[in-house]
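The following pair of complexes shares a single chain, subunit A, combined with subunit B in the former and subunit C in the latter.
What follows is the complex of A and B.
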């Protein structure tokens, strides 16, 4: 493979120095084999500009902290190879989330708020007995729950969603996928009607207009179209049935 | 807790509006295709067209159907518009977002909104001009097509079919079990086929001889 000289156009803004307006800054870097954006950004910081801000922890698409707009599309920098991109690469921080600086955003506060609003935990009246054996679960059901659990909360689906971009209170695909997980989990004793009170709204599943950018962009390839449709059907049915 | 929000929040109303949008959309989708096939009977001749029109008249189907369709258009329009980006800031966010993302389904929403608005205006003209020369007869329709309504009706046909098929796509995406890649191409074929049928009907009207 012929070695390329890559041009990076990177969004720069530091909320701590508001007198310097947001701008795009260009960097050039020679491409190396199997280079990921993680490697490229670290080299840029080490060799060219130590003030460049971006987030990384795991480097292996597990932690979800390196979500950013790569040529306009949300994705994980650690999972994106420069060889799949053109010579000119534009990097911007994810929209919707609060900007920490440059490419770094705070997804943590947003997701914490989401999970608190959705009460995204098992609701049960059963007393927990640490000595008793675990309850058995059908393997197929466990797989189905796990499918939704694979979400790493990177925020790509939220950044790709037109509704979430326009309306700050929309729970987005990550939130609805999270609810789908509890709707099928028999250990959660909430009735569909109880979930409906929280999710059967315009901030919840009925705010979704089905543009499916979430489904196309999810770095974990969670089948979001089906997950959202599941929640929508269950919520419409719960709404029609009433209390 | 915010007083006005706590008092006004009603998942039942918000879910209900979504279902109203869904069912009026499905009703209008059904009506549009029925209307298209009924009008296309002109291809088989003026007598067939007039017989169909008289049948709908005789059994009061027109007199129940037309007011229902007008009501459905208004209700569907209002219900669907509630999610569109009307505020200037929202509109700019949506357009910038679409340009950045370069994602076909996201652009399709803009097409859905614009075709919807187009249908609203053009169908109003179409309904008005049809009702003002009631009852529907092949000769009157042909005269209308030949005296300047050809392009209006062609535009309405194309906009309405695109809007209906995008709507059906959206309904299937939102409610069905099937992945959208499996049905997208069939909806495109159906749109092309239905527009072609309507176009042929319009051309037949255009060349139908009208005794004045």
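What follows is the complex of A and C.
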């Protein structure tokens, strides 16, 4: 591979110095084999500008920390190889979420709020009995729940969503997928009606206008379109109609 | 300081991984107010990255029939090379099944037993019985006599952390993420909370509590190449050490995992070998049976890692621009298995190596992975040396793991310890008053404010934080790794001492204002170097080989002189740790042969 000189154009803003307006800043870096944006950004920080803000945790595409707009498209920076990008790379923070600084945004608080709103936990009246064996579950069902549980709350689908960009309270694809996860789990004793009291509104299921940008953005390849269909189907069964 | 800015809570949990959240849940569900601090949103904690599984002796699968806590106990003690606390190990093995089942009730989609016959990769045929259908399944991990590792497809840590955090959300427990504890507030006898810097703004705030819990995970990133998340920098252990009165236990016990990918260091799970994967050398020869005829690839991690490095030293490594490595071969497991139970591995290979591991070999070599050592506690999680302070999880030396942790025992430890320690914390805060010596809080806050001020002023100093840090990483990797010698360790201690001196003289290149990463790195570095010195000095003084600690100049385990735990403390203002020892409690299983890993290595 011929060595390339990459030009990065990176969004800069530090809330601690509001007198300096948000701006794009350019950096140059020589490309190395198998270079990811994780490697590139850390090199930029260590070698060129130690104030550069961005978030990585696992650097292995499993924790959801490093969502950003990479040449305009939301994705995980840690698993993005520079060799798949042109010489000029533009990096922007994800929209929708509150900016912490530069490329760092506050997805954590957003998702905590979402999970509170959706009451995204197992609702059960059963007391846990430490002495009895576990309840049985069919492995196929366990797999199905697992598939929906794989969301890493990276926020890419939210950032890509037209509705979420317009209305702050829309639960987005990640939220709908989370609802689907609890709907199919027999351990959660809520009836579909109870669930839809929370989500059978414009902020919930009916906010989606079907552009489905989320579906091919999700880095975990969760079939978001399918999950949305599942939620709507269950809702129809529950005898609920959209407003 | 304005007292209105102080945050008050019954229980302050530093760390939102599995251990911290489990402690918090226990305390909160017993009616106490709890605040959790974390560098990152809880669900991004390092626990989430665990792929492989969690040990509990359920005995639901054919290869695990007859399993029970006694066998789990024996495996754990042997794995630890008799370095663990046997009372803790006993408590742990009894509670691990309870922990797994409770997590099932909280929503973890554990993989389940599917009845029927199947043939394992080595040709053995097993039958899963119909009466076990739908119970929680187990897979094989290294160093275990039975298949005991419960798992959820390829993402056990992820689903555990999400289920755990869902209960935290349900209970409405306060979480302050992007918050880093940088000092404990204490008077040498009791701990009153912590001084915390906001990673959103760079501002300081005191958190005051009746009880404080350290659950900050490991320090893997102090080694240049590690499977750990980049936030695993050991700061929780460092602030405990900084009190001058709290000892860190067995810091020289550092685990290397056999299969980090080259060069990124990302882990591919032990499940690869547990499920039947092979290790091959440059001649595509499967070499592990030559060294370990019985356990082969699934001996304990310290043993497999050592043989791998040994084999590469003999010239059988595969050359690469990043140094020699070996191959992990999964091809014979087949696409169906790889793409479900090992899908994470498949994805990692595709994303970070650009290869398809259904058809291609994976370049691997032993990589820093886990810290057995940590903040020394008793069996209840009470920290030695300072009351009102507790520790749990990887940050603690509860001492379940001694000198080598078994795969799958760490996730189980975080949750079991969380239950046990959480109960103790709840008991304690029920009676304890919420009072704080005013001037003590002010002094601790002022000391940290002064550090930050000095760094931001940039009036003096000449050292670059990233340069020093890189040197520390290299030093640990080179001299305090899998094979250790007196000479190398001496050199490591000397280099680290020099780096520690230089770290008192840091100068920021940037302004240090706001959520400034260079400022945060500069605040962490001196503490990390103190930890590094505890590791290196402990390793230098321990003139024997035990578990992961292998001294080429002392290649035998020495139970006469070294059946003891290292305790490192750091007196205020000192330039080196003080190293002390305590005996290891042997209650059930006297030291003997592990059944694998013969030493010395030849």
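The working rule: the second predicted complex is superposed on the first by the 238 of 243 C-alpha atoms of A that agree within 3 Å, B and C clash if a C-alpha of one lies under 4 Å from a C-alpha of the other, contacts with A are read in each partner's own complex, and residues count from 1 in each chain.
By definition in this document, contacts are C-beta pairs under 8 Å (C-beta built on N, C-alpha and C of every residue); 3 or more make two chains touch, one makes a residue touch a chain.
Just so it is clear, the model here is predicted, and its values are computed rather than measured.
Judged by the number of subunit A residues each one touches, C leads among subunit B and subunit C.
Once the two complexes are overlaid on the shared chain, A:212 sits against subunit B while remaining clear of subunit C. With both structures placed on the common chain, the touch criterion links A:135 to subunit C but leaves subunit B unconnected.
When the two complexes are overlaid on their common chain A, residue A:196 makes contact with subunit B while staying clear of subunit C.
Of the two partner chains, subunit B is the only one that A:165 touches; subunit C does not reach it. By the touch criterion defined above, A:100 reaches subunit C but does not reach subunit B.
Contacts of A:184 after superposition: neither subunit B nor subunit C is touched. The residues of subunit A lying in touch with subunit C in their complex are 14-17, 33-34, 36, 45-46, 49-53, 55-65, 79, 81, 100-101, 104, 106-109, 111-112, 115-116, 119-122, 124, 126, 128, 130, 133-139, 142-143, 145-146, 149-150, 152-153, 185, 187-188.
Contact residues on subunit A toward subunit B in their complex (touch as defined above): 69, 72-73, 92, 95, 160, 162-163, 165-166, 196-202, 204, 206-213, 216, 223, 225-226, 228-229, 232-233, 235-236, 239-240, 242. Against subunit A, in their complex, subunit B makes its touches with residues 9, 11-12, 14-19, 83, 85, 90, 93-94, 97-103, 105-106, 108-109, 170, 173-177, 179-180. Listing the residues of subunit C that touch subunit A in their complex gives 40-46, 48-49, 98, 100-102, 104-107, 109-114, 133-137, 152-153, 155, 158-159, 162-163, 165-167, 169-170, 175, 177-178, 200-202, 229-231, 263-264, 266-267, 321, 340, 344, 347-348, 351-354, 465-466, 508-511, 513-518, 521.
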